[in-house]
Structures are given as C-alpha cells and as structure tokens.
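What follows is a group of structures, each given as structure tokens.
Both of the next two complexes hold chain A, though its partner changes from chain B to chain C.
Coming up: the complex of A and B.
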C-alpha cells in the first residue's frame, strides 16, 4: 500500500515534470519567473500568481487561526456540554458544504459589503478571498484543535484543577502546550486546503494578472490560473506554464506534508513536555 | 478534645438521577489521619471530591447538605454561593490514586501551583520547593536532577512528588485517594511514613482499601457502604 502511494505520488510529479519540461530550461525559467503575465506580448511571468496565492493564503490564516482556536476553546472548555455539542455538530456540518456555495455567499454578500465598506474597486479582492477562505478552512482546523485538546490526559487536567488551576490556567499551562502538535497539524492542513482551493479564488479574488499593491486589489492564484488557461488553451507556451504552476503547488504541498511528518515524529519521540519544561 | 476541622452534615451527592452518597454526616479532627474504607464503588472517592468540590467539574452532578471546613481560622460552608473554587482547592489539596506528575520538570511541577496562586517571587518559590522536597523525603534523591522531566522518577518518587506538589500550597486539609494502591511495598512504606509525619502540619483524609495500612496510620476510620455511612470509630 505504502509502495503504491509512493509510486502514484512520484508518478504525478514525473508526469508534471515531463509536461512542463520545455519550460524548465534556464532561459525559459527566467521567462516564467518574470513579474508580468501578458501572453499577447510574449510575457509569461507567473510571479503575480505566486504573490496572489501567498497573499490570499496568508490573509486567510491570519483570520482562521484565531477564529479556529477561539471556537475550539469555546467547545472544549467554556460552553456547557449541550451548547458545545451543538456548535461541534454545526462545525462538522460546515466541513461538508461545497466550496461553490461559499463562493456564492462571497459574490452576493461579502464582495458587495467589501465594495461598500471600503468604497473602492469591485470588492473582488485579496481581502474577500482571504475572508472566505478563512471561513472555508476554519471548520477543519477547529475539529482538529478540539480533538487535540481532548487528547490531553484527563489525569493532568484533574491534577491541575485540584491544585486550584482556573480555566484560563488550564488553557495556558496544559491545553495549548499539550495540543501544540495538533494545533500545528491543523494549521498545516488549513494551509494545504487554502493553497489548493480554486473555486473561491476564481469566484471572488478578481482574477487580475497584475501584481497586487494592497489587500483591496484583485489577484489571480496559481490554481485559478491553471483552471482559466486550461479552459481556454491547448499546447501553447501559455498552456505549458500551468505545469510549472502545478509543480510549484506540488512542491509546496510536499514541504507541508514533510513538515507534518516531522512534527508528528517529534511528538512521538519527545512526548508532550509543555511550555514550562 | 481536638478541634473538628471538617464537619459534614447530611451530605448527598447525585450524578444525574442516581444518588451516589446518601445523607452522610461525619466530622474529622485537626492534625489527624482519617481513613475512609468501603467496597469498590461504595462512594469513597466521591466523598473526597465533595470536600474540595472537584466533583463540580463533572457535568450532571448535584450536592445537597453541608460541608464546613475550618480554613484561615474561619469555619466555612464550602457549598455556599460565592466560594472561590481555586482558593478552596489550594486550601484543600488532593493526591490521586495514580501518580500524575505534569509533563514538565520536577522543579516546574512544584512551582506551577505557586505561580497559579500568584506567588511569583523566585526566592520564595525555591525555598518552598526545597522545604516540601525535604518534608517528603525526596530532597536527597532529586536535588541534583530538578530540571529533569518528572516522569523519569520511579512510581514511589512520583507519588511523593505529587504529595509535595499538593503541600507546596500549605493546605490545611490533604485528601488522598488510595495513594499507595499503585505502588510496591517499599514505596508504600515510604508514603506511610510520610503521611504520619505530615499530620503535624495538616489534616489528612485518606481513602484506602488496605485495612492493615489503615490500622498502621489512621486515627479515625469511617466506613461507607452503598453511599451511606455505616460505621465510624476513633482508634484512640
């Protein structure tokens, strides 16, 4: 099974390398990693899409991490069991909502709101996409955080409570340090989901090919670029650049996966030591 | 006659609709060791958790009756509204059946309760750490490895560390829920000697299954069956 997974994973990489090969020469790479995308003028720079992707993913994390941690603390620590159960079920349900539904919410509610609130541009922007992606990735992150909190040994919680520990002290001295690896795992999975999302980026990010100057500017992400070019072209240089975009996304995903494996290995090796050790 | 530090009056404890403790009334003298005995599931451990209100942490529980404890020279009904639970639990320490050192160094295990109680002075923290480790006969064994993970200690040492951790807050009452049941004979003897020395400074209420141990260390014995008090006697 493991061998099959390795074979398929490496096979996908080889497949993309072969398809992107014509553009993987030093001269072509120089052309690809330029800062302008204008195929009609022979410019095939994908840097604006890299900037767009990183901007949206970073912004979505900025919103999603505190939102998810807050919700996980509410569910695990603060709410009465009935309310916590209800919120937990609601969040589980949110993980099953198709991305396109979030996209509709974005187009008809969030984008007009951003346009009105800031009074400039179309509202389709890094901010709109970042907020919506945060909403998309938060449920998964919340569920992982809650699970990580629940994995902190009950004996430790009882010990701390019997020593007069308050809920706040329980959170800061036990739950957060104890769930540290789980929290990192949730964040990394969230990054992965945000990086790979196409629909929200297509629907609310604005799809501009220029390098963004502010969070109110429209951008195009790597995934949106792949989807848009693929739908309109075949066997041109423009078309081949999407494989370079794909290789970049693949490499980012690989780095995230390796980080995750490293974290899990570290947690098994050292156990939970807490912030105070 | 010794002053009564804990007075329990018609205490009943319910878990949802099921009554776990039934109208228990008992009192315990200052600077004594009281043993609570009874069959498994009779409610002994539950009785302990009603005395520091750790039972409140379990959803669906309810208590009727009163528990009065002499704390800071005042007899306080611990179930009256407005009682600070962190304060109560610092005054009424607890040690569990299975040693549960926190996943941090030996030193931090001992200073964490002080930090949580707002005692941040490092000199004072260090003095207290040294004192409780000496009181629990651990100082000689761990003084050179205070920065090591507490979980590297032996079972008996871990339990003595947990007792030291409870004592560092200078509680007036110490609750012990079968503190020796998971330990070997040698460690049991160490803990028993420790308990006998501790009653000079606080009142101990201990759940035990081991009648020989109760005979060796307890001044008072109360017996519980099916959640009700069925016997109580002072050994002296």
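Coming up: the complex of A and C.
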C-alpha cells in the first residue's frame, strides 16, 4: 500500500518529464526561456511568468514576515493569556479560509480599493495579489513562530528575568535566536504556499503576459499560466509549455521541502504539525 | 530607554495584530454584508417550492438556478477522494508508525513530504495528463468526476498519512508493551489497542482532509469541473462544484443577482470550511483530555 503511494508521487514527476521532455532539447529550451510570451508571433517564453511568480511571492513575504513576527510576539510575549488564547484561536480559524474566497473578496473589495487609491490601471496587480497572499500565508507562519517561541527553554527565560532583562532583551537575545530554525521553517512553508497558490494570482493579479515595470502592473504566474492555457490545442507548443511550468513548480517545491527536512534534522513532524494543528 | 524600546515593541506588535484581525473581520464582514440577504432555500434551490425541493432531494427534478448541483458535486468529490485516499492513507500511516524503521522510514517520509509540497495545480496537471494518457486506451475518456476524485485523493493523501502516523506515535509505549506482555500479536495490538486510542487524532486528520478536498479549486479546474452540468449522471460525467462556482461567478457574472449568488456561495463554502476546521480542533482537544485522564489513573 505504501509502495503504491510512493509510486504515485514519483509518477507525477515522471509524467511531467515524459510530457515536458520533448520540449527540453537545446533548441526549444532557447525558445521556452525566451523573454516573451506571444503565441501569435511564435514566441513561447515562460520567463515572464517566472518573473511574475517571483515578484508576487517576494512582495507577499515582505508583508507577511513582519506581520507574522509581530503577531507571534503579541501572542507569546505581550498579551495576557486570555487575549493571547483568543487571538491564537482566531488565527487557527483563519487557516481554514478557502483560497478561492480570498480571491473572490479580493476582486470585489481590494482591487477596486487599489484602483481608486492609486488612480491608475485596473487594480489587478502584483500589489493586490501580494497583499492577499500575505494574508493567506501569515496564519500558518504565526502558528509555527509561536510554537517555536514556546520551545525556547523556560529556564533561560527565568534566568534572564532574574538578571533584570527587559522585554526587548528577552525577544532579541533569547526568543529570536532560540527559535531561528522554527522561524526559517515558517518562512519556507510560507514561500511554498505562496509559490503554489493558483487562485489568488489567477483572480487578482491580472494575468498580463508583458514584463511588469512596477508593483501596480498586472502579471501572470506559472500556476495561473497552467490554469489559463488548458483550453488550447493539445498538440501545440503553447500547450506543451505548461508542462515546463509544472516541472519548474514541482522542482521548486521539492527544493523547499528538502530544505525544510534539512533544517529540522530529519524530524518530520515540526513543520508539518504546525500546519495541521 | 528600556521604556522606549518596550513601547516601540508594543506599538509594532499591536499594529500587526490589529492589521491581521482587522483584515480577517473585513473579509468575513464583507461576505456577510453582501451575502447574508440572499441566504436561504432560494439560494440553493432557485424558485422551487417545498414539494418540488423534496423531489430534488430524491433525484426526481433538476435545479436550474441554484447552488444545489454545485453542492452535490462537491459532496461527490469529497466522498470519492476520501474513499480512495482513506484506506491508502491509514495503511501507509500504520506502516510508517508501527512497522517501518531506519532507512525505509526516512525514505517514505521524504516521499510523503514531497507529495505534501506539490502545488495543487501541478496535481491537477498530473490528473489531466493521466486522462490524456488513458485516452489512448479508452477513447471515450474525458476529464470527469472520476479523474477529479482520484487527483483530489492524491492531494489529501499526505494529510491522512501524517495524522495517522502522528496519532499512533504519540501513544505511550506502555500500551504496546502491556498488550504484548499479555500475549497479543502485533497486528492484534494495532487493531484492538492502538487504533481505538488513536482514533480521535486520526479522525481530526480526516476532517481536515475533507476541508482540503472541499475547498480546492486548482485541481478540479484542470480535471473536469464545468460551470453548468447539473447533477453528474455517472463517474465519467462533468460536474459542478462550489469553489469553481465562486471562481466562475467572479469573472463571468452577468447581472446583480448572479453576483449575489456568488457571495452566497462564498459564504456557504466559508461556513462549511470553518466548521470543519473548528470540528477537527475540538476532536483533537477531546483526544488530548482523554490521554491526560488515562495518565493520571493508570
């Protein structure tokens, strides 16, 4: 039974490779990593979508990491236990919100707001998608941060308090260094979640194929490209490039997963349980 | 100076907290504000009256302008994904927790971690290419309910494996030793001693997996969901689903009422998912209490 599961997992990669491999000859590689996507002119570069993905993911991290650290500090250090418990429970509940709902509310609330606020474009932009993704990945990151803060030995904290250490010293000299691995784990899980998300990017990032010049420009991500090209003719190069996008996403996800394992010294649980509980 | 630093710390964290909580409430509040007025039987069954609704429930009548087909589709999806993934997941979880050791365990753990990390759209793409491949041998096969169910099973499999494994591994070793000392074989220990004890943990994993299967949009988008199909007549039919309905309405709505239906659907899905997640948490908590109790009165 387990063998079946393993077979299926490797099967995904094999399928991707088999279907994408005909494209990975030097000639077509040149074609695929060209800097433009314009099927009507014979240009099938996926580079714009790689840029789009990276832009959205890095912007969402830029918002989400400080936001999550702030909330984790609030729960672990600053709030009285009752309020901290309440916030913790609310954040757990937030992990249950479906992504398509973030996208839906994003279209009808955030996108018009950004359009009005900046007064240009359609509002569908890197900024909109980045903000929503930050909201999507923060709860998971906060839960893992809080868990790893709590794992810092209580004796050290008591010793620091006995020496007259302030809150700031406790945070910067004990909690943050002590929870370094946990913080990295949370951030990597966040990156993985943001990278693999389809619905938010598809719904609010605007799906333009041109390379963006500011965070107010629309972009298309690798995931959205897969979702959008499905309708095309099965034999076209256009259609085959989505397997290249698939392979790229699979490999990035695999690298992140292996990094996680390396960080946690082979103990599988810490990362995973943080997400699940 | 210390006071200043502490003040800054409180200020920054407080702002972060307000921002997050504010966003969450804005999101839910906006949905409620826009969608609450449409909540009711009309949202689900359209303009049918009570006796007609009963016909619908007994498969005697179709619903034209309601959420019913999408809700039934989502139910079928969850049911199929779970009935495929549950035996596999339980089996693999038990194997990893009780039988596997050393290198085997590490290898399988890495594989399940990898599977857990695969983006859902890539799983959808796998389902789609599987259909293309099978199409050569079964010419009539198109993306359909069966393919979506299998692809979703793949998506929730790592959750089931991991929660089963964790639930078993968290049980105290004294249970295993006592049962073995009484002469029970390993399979008997697992079936009649360990599994019943681990049941709450396993069950909360199942609930989470249901939530994951119900909310996922990317997988089904590539494997056969359509905007209007009615109730699927067979496993090889197209179908509707709630999350896709929400996505589709967001871009394709033609009038105010359809948009409102979209808000209604979003609210329904949100409530289902939040209930499932809260339920999973409660089950876990109850399980912990039970374990604590047992430790105190051995």
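Following the convention adopted for this analysis, the second predicted complex is superposed on the first by the 253 of 277 C-alpha atoms of A that agree within 3 Å, B and C clash if a C-alpha of one lies under 4 Å from a C-alpha of the other, contacts with A are read in each partner's own complex, and residues count from 1 in each chain.
In the analysis below, contacts are C-beta pairs under 8 Å (C-beta built on N, C-alpha and C of every residue); 3 or more make two chains touch, one makes a residue touch a chain.
These numbers come from a predicted model, not from an experiment.
Within the superposed three-chain model, A:162 lies in touch with chain B and out of touch with chain C [touch as defined at top].
When the shared chain is aligned, chain C comes close enough to touch A:198, but chain B does not. Touch criterion met: A:107 reaches chain C, while chain B stays clear of it.
In the superposition on chain A, contact of A:178 is made with chain B only, not with chain C.
Taking chain B and chain C in turn and counting the residues of chain A each one touches, the greater count comes from C. Residues 166, 272-273, 276-277 of chain A lie in contact with chain B in one complex and with chain C in the other. Contact residues of chain B toward chain A in the complex are 52, 54, 57, 59, 85-90, 93-94, 96, 98, 100-105, 108, 112-113, 116-117, 149, 151, 162, 165-166, 169. In the complex of the two chains, the chain A residues touching chain C come out as 1-2, 4-6, 8-12, 15-16, 19, 66-71, 73-74, 77-78, 87, 90-105, 107-109, 135, 138, 142, 166-168, 171, 192, 195-199, 202-203, 223, 226-227, 230, 234, 242-243, 246, 249-250, 253-254, 256-258, 260-261, 266, 268-269, 272-273, 276-277. Interface of chain A with chain B (complex): residues 80-81, 153, 155-156, 158-166, 169, 173-174, 178, 271-274, 276-277.
By the touch criterion given at the top, residues 2, 5-6, 9-10, 12-17, 19-21, 23-24, 26-27, 30-31, 34, 87-88, 91-92, 95-96, 100, 106, 108-126, 128-130, 132-133, 154, 157, 159, 161-163, 166, 205, 208, 211, 214-215, 217-218, 221-222, 243, 246-247, 250-251, 262-263, 266, 269-270, 273-274, 276-278, 281, 284 of chain C touch chain A in their complex.
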